[in-house]
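Labels run A, B, C and D following the written order; every chain starts at residue 1.
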Amino acid sequence: MDSERFSIVRGPVDPRRFESVAGAGEGALVTFSGIVRGTAHDGRAVVGLSYEAYETMARIEFEAIDAQARERFGDVRLWIAHAVGDLAVGDVAVVVTAAARHRAAAFEACRFAIDRLKARAPIWKKERYADGAAQWRANETDE
Amino acid sequence: MDSERFSIVRGPVDPRRFESVAGAGEGALVTFSGIVRGTAHDGRAVVGLSYEAYETMARIEFEAIDAQARERFGDVRLWIAHAVGDLAVGDVAVVVTAAARHRAAAFEACRFAIDRLKARAPIWKKERYADGAAQWRANETDE
Amino acid sequence: MQIRLLAFASLREILEAPERSLSLSEGATVGDAQKLLEEQFPALVPHRSSMRIACNGRLVDSDGMLRDGDEIALFPPVGGG
Amino acid sequence: MQIRLLAFASLREILEAPERSLSLSEGATVGDAQKLLEEQFPALVPHRSSMRIACNGRLVDSDGMLRDGDEIALFPPVGGG
């Protein structure tokens, strides 16, 4: 299994990617999976998404998120994988896993990481609609 | 794949158990996995845990947690599987998955569910130590 | 009347069985059952303050009335997760 | 001096290529590069307020100095996750 901690992968992310990463002292694993939905925020039918990334900078941003999470939540480890390329509805676009001794830190670090990733990581998505149109979509603040 | 939503299983829980449960409108999946640690709270070396449950009542409690999560966090679905029997260090004792349209509800429902489960579900654990001794251990309030 | 008694974890070990049958007089309460058990198994007494009792799958108080065929369960503090 | 220019998403489509080379005079700033690009690609102008620019992988202000061989990247608002 590929256990590289921070990566950009072509096509959907395997949701099992980080299923066995916990070390002996880590009793809590929290995983967020972001899945392509069939409807856009404005209600239009989506057939898929296309992601593109500034890959070298995205990996640097993931490493920065990991360092910030340790500062805030203590002894916690993060794994992040984000897809680029074309995804269909139901595909996994991003997986973030946090491992810690206890669950509070694992939950907080996982939530922090996906919030930061959505606000800051140099990754862009184009929604492809059922009617053949397509449009670049930025994240809303609360998305 | 067994997608029964609330279950007590014999032996370790498969961490993939709920990997594909998200429905078409659910863009966020948050999974907590609780893993058997090699050291007890007091620092003693643990070789494994033995769990026992009042199974019918545990399933009723899991269903109650699901209903309470919907009251609190809206349109969210939960899946819970907890092990009984003997587990080794590194085995998965419990998996809780929450699916929702957006990530805030999924994170909150998953955290709520594992907190409630640890405080209320009729499940007990015996720690087995490296020196051959064994002891029933209740959860601490903050555990 | 006959009551089905379940016990778990440390309390199961004290009762030396996961399941027993208990004979009580009509009108007996949860507290009466607890008292009878403490007479038979004095090792239960130190657990009195931490023990919870469920009747037919719901936690009950010691003044809850029992009926023939009820299933009561003795709970030590839980440790799941 | 020569600058390597990357552009992503909607800005890549405006520039009609993911990567270009840009010739600037010595002492040019990030703002100078942006101005030159807006002259060549007027469709960039409406993106001015939302665009961010990174130099060698770090976000920079428009008064940042450029050096020969730098890699600058044009960022529309992000949409990952």
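Operating definition for what follows: a contact is a pair of C-beta atoms (placed from the backbone, for glycine too) under 8 Å apart; a residue touches a chain by one contact, two chains touch by 3 or more.
Note that the coordinates shown come from a computational prediction; the quantities given were computed from them, not determined experimentally.
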{"item": "If a chain touches subunit B and subunit D alike, it appears here", "value": "A"}
{"item": "Identity of the chain that, by mean CA position, is farthest from subunit B", "value": "D"}
{"item": "Between subunit D and subunit A, distance of the C-alpha-averaged centres to the nearest whole Å", "value": "26"}
{"item": "Subunit A and subunit B, separation of their C-alpha mean positions in angstrom", "value": "23"}
{"item": "Gap in Å, rounded to a whole number, between the CA centres of subunit C and subunit A", "value": "49"}
{"item": "Contacts with two or more other chains, residues of subunit B listed in rising order", "value": "34, 114, 143"}
{"item": "Pairs of chains in contact (touch as defined earlier), listed by label", "value": "A-B, A-D, B-C"}
{"item": "Contacting residues of subunit A [partner subunit B, same complex]", "value": "15-16, 19-20, 22, 24-39, 89-90, 101-104, 106-107, 110-111, 114, 142-143"}
{"item": "Complex interface listing, subunit C residues touching subunit B", "value": "6, 8-10, 12, 54, 57, 73, 75-81"}
{"item": "Parts of subunit A lying in touch with subunit D, wherever the complex brings them together", "value": "34, 51-54, 56-58, 60, 82, 93-94, 114, 117-126, 136-139, 143"}
